[in-house]
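Take a look at the structures listed below.
One chain, chain A, links the two complexes that follow: it is found with chain B in the first and with chain C in the second.
This part shows the complex of A and B:
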């Protein structure tokens, strides 16, 4: 992989989530697409402002859950009916009420694991390097009390000078050019 | 920034009273109530079963109305204890539900008078002289033994004493919760912490007290229809079932009111989503308790306990039980899993209607198989149609009462710090 050089993007810093959402919404409305918001806690409206797209984590979670359910219920049925048929208190071999609890637990287990690992697989974590950490104010503020909007240079509409003017229109605390 | 006015704080409208169309709801409920009751009475004459099914269906309608009224009281106390913005939203509708208690007591009277005093409903009231009843083959040996053994609990005097006591104590709670709520709004803002503490102290004990008295009520009014059977989780199942029904009803109310002020201003998607999540939680808790009770009795496989389930599974009842599972859990659960569905009013309304219908369906499955003519023998009779008309009539009249009560107070409790929060734009969590 070639070493990337040059500008990664322009990083605008805000003090409140409302200002961030307003800027992000305007950026999206004026045609920017390659951008991201960075907040110390989840701000759903920020995600909505930059064109919230559905990820497939919930689908993976559902499929994982169903897989766990079917796997355990089939396993129990196979063991009780074909592999090791045992007479337990005179009950039928196929005693489904007894199968429900383990099947339910595997549903939860598989759903949880699929959600966790699916999330990691889809969001690219763990990541050892990210250009934004080159910016001092990002390092200090992104996980405590600052709200950031980054317009990325890969966006066709991106232009260092013009985009800077655009961002400064929202009265951010600062606009920093971030290198790769 | 006109186009972003949604980001700015909103203000509470000056007029907080219920919109005029609530009167329309009430008239509609009264018409439905009248039509269904008349058909119910006509069927009572046609059924030719000594009004037996009419009374059973009345019990069903009473239990559902009672669930809305007193379940509303339980949820009202719970939101005082838990806090949260959803609590502010549902407070006034829940208070309106609690104020229907006189009507619910009126619904109870026929159950007590005809069911117990005139011995039409409960086996233990019908045959207090177990020896003779056994000799004449009116009841079997198990029933005779149970009725005899449980006599200190299951006799008309104790039934009336317990019922009157619990109604009186709920009336006291209803009175205090409603009165203090108005006093709190009339009081000045700095005293709000005093009121919060006061409500917490009332509700903390109240929730425990209600759980215990509801267990007694569920045992006397429904479980004792079959004197041979007992389950310690029975009262808790009613408690969760009531919360399940009340949540569905309160969401329907809020969505209905949200087309006009003042609810339009304060009912945000965030809180709607929260209420939907609570529904999902109660859907899970409900099936958890119901299935746990079944699994324990199935595992024990004891002849003292399983007949209650066999009465409700064999002879066609399996279909009703399976559909109960579908309406009560499978449909609401799978639908409420979706994030979008909880945030779209039109779709959430459908789920809430399914949930309320499921409560009635479940109650039918609990009540009807207790009786000799219906146990392990689901069959059509004119009497069974009463289960459609009498409860619908009773619930419709209850709804009319609820809508009247909704009109008597402002729809938003104003002396609460959550009011300011609920008027904020949705993303400003900071």
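This part shows the complex of A and C:
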């Protein structure tokens, strides 16, 4: 990753989720796109306000589940029919009803792991460094009781002075410039 | 504005619905965070915690001794022999894993049903699941006689050119239990991440910041992350639900697939699952009552939680009672089989008949007290009831395993079963291990999910009636 310098963005702090949602909605409506909200618990309205609706976690989960199902069922079939055929009480080598149970378990195993690790991967986690943690009020509040809106400097509409005025219009607790 | 005949101005009642509150009034985002994180981040460890840890550590040492002796001498130190080749190991395995199931039920099924009261108890219920699975998983492993070859159960290419046999329920168990353990740990950890972030940000000591910082994986609460996180949690809950049902079903197959009177019955899967939930909720109460008292968490684990768990226990207890009744009906009358008839008669009135009546008393008779609201709301009585139910559930497995085996078809091969001191030591040792892990958990991790508790607060509601910017200026 190249070393970046300068301003990461402007961070506005709010006391309530309602203020945050209103600010985020207005920012989105006035054309800002590269921005994010930070909340101590899931606030769906804030995600909707910044135009984030779809996530691909479910798709990953489905693919993982299918992979687990196919992998286990074919492994069982291959083992019981070709690799190590055993006569168990005269049952057919290809005893598919018995194979359903482990295949079912692996469907769930792979689907669950894909959902969990897929979510982390799509979120870009683990991430040991993030510029926002340079901001003291973010460190103190983001995971506890404060609500943040960050307009990022990579947005074409971003301008340190103008965006600050824009954010201050929402009467936030503070607006802080965050360095990389 | 109380709408029901409740005393007015009771702070623990919701003024709109008249129901008991899930969380006491007056809490804010900050106070909730403070209250829970302080338990973990305090530098002052309560002396009682050390005492408890020491006591539980005694149990762990006993377990280590018992298992070491077992590895030196072999399974002959246990009471298992012909005809009862399955003794304490299987009883304890089924009992522990059943206890684990309530954790999954609380965290997964109640999440899907949007039962938000579960939010404050789901974390430690999940921890309970994991620790119970740890205790459970140990038993089949040490029971196999040559535990160092336990990995032969997994399908892997080897120089012996042998592969597992997939038509046996015992092998299904391997996949069911290992999947259950993995998914439970992942679900629990994913749930912990935001709270670990909170601990990272609030801790003062360098070591704690470092440890929680790594564990939190850089969580910063971005709403984009939250959306994916919520989807993943919901998916994991949706997956854990059929999983938990399948795990105890597969365990009941260990018995039901065998052609033995007392085991060979189709009622086993549903009533095993119900019994698992029954004993698991009892264990949640066993843990919740001392925790809320000791850590003063009465305003987040309220009487409503205790009462709701009482209702779940009553319901699953009745399903279990139905299962027992169905077993009796099928063996005495419906099967028209002499062997089935004798098995049930022997189970009730044979030399070990007392165990059947212990089970009926603990699991069916006494829990009917929970029909009374006053009983469900009485914390000490519910605490005692939780022990009664778990005793009963242990005896259920004892009855199923031992009384089905010890007098089979041919009277000349009848035997009996008397557990040895090593059986008891191993069992008591797992109780110690469970408690030990739980003590570590309440000290080092937030036992109540802070992020989920915040959702329950009235402040979390989004108010649209914004006077400055009603519908955004576009």
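To be clear about the criterion, the second predicted complex is superposed on the first by the 177 of 180 C-alpha atoms of A that agree within 3 Å, B and C clash if a C-alpha of one lies under 4 Å from a C-alpha of the other, contacts with A are read in each partner's own complex, and residues count from 1 in each chain.
We adopt the following convention: a contact is a pair of C-beta atoms (placed from the backbone, for glycine too) under 8 Å apart; a residue touches a chain by one contact, two chains touch by 3 or more.
Fair warning: this is a prediction, and the values are worked out from it, not measured in the lab.
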item	value
Contacts of A:99 with chain B and chain C, given as first, second, both or neither	second
Touching partner for A:130 - first (chain B), second (chain C), both, neither	second
First (chain B), second (chain C), both or neither touched by A:25	both
First, second, both or neither for A:46, with chain B first and chain C second	both
Touched partner set for A:170, first chain B, second chain C, both or neither	second
First, second, both or neither for A:17, with chain B first and chain C second	both
Per-residue contact with chain A, leading partner among chain C and chain B	C
Footprint overlap on chain A, where chain B in one structure and chain C in the other make contact	16-18, 21-22, 25, 41, 43-46, 58, 91, 98, 101
Residue numbers on chain B that touch chain A, as the complex places them	1, 4, 7, 291, 294-295, 298-299, 301, 337, 339, 425-430
Residues of chain A that touch chain C when the two form their complex	16-19, 21-22, 25-26, 29-30, 36-47, 50, 52, 55, 57-58, 61, 72, 75-76, 79-80, 83-84, 86, 88, 91, 95, 98-99, 101-102, 104-106, 108-109, 111-113, 115-116, 118-120, 122-123, 125-130, 132-133, 138-140, 142-145, 170-171
Residues of chain A that touch chain B when the two form their complex	16-18, 21-22, 25, 41, 43-46, 58, 62, 89, 91, 97-98, 100-101
In the complex, chain C residues that touch chain A	28-30, 33, 155, 161-169, 171-172, 175-176, 179, 182-183, 186-187, 190, 194, 197-198, 200-202, 213, 217-232, 235-236, 239-240, 242-243, 246, 250, 253, 450-452, 454-455, 459-464, 466, 468-469, 472-474
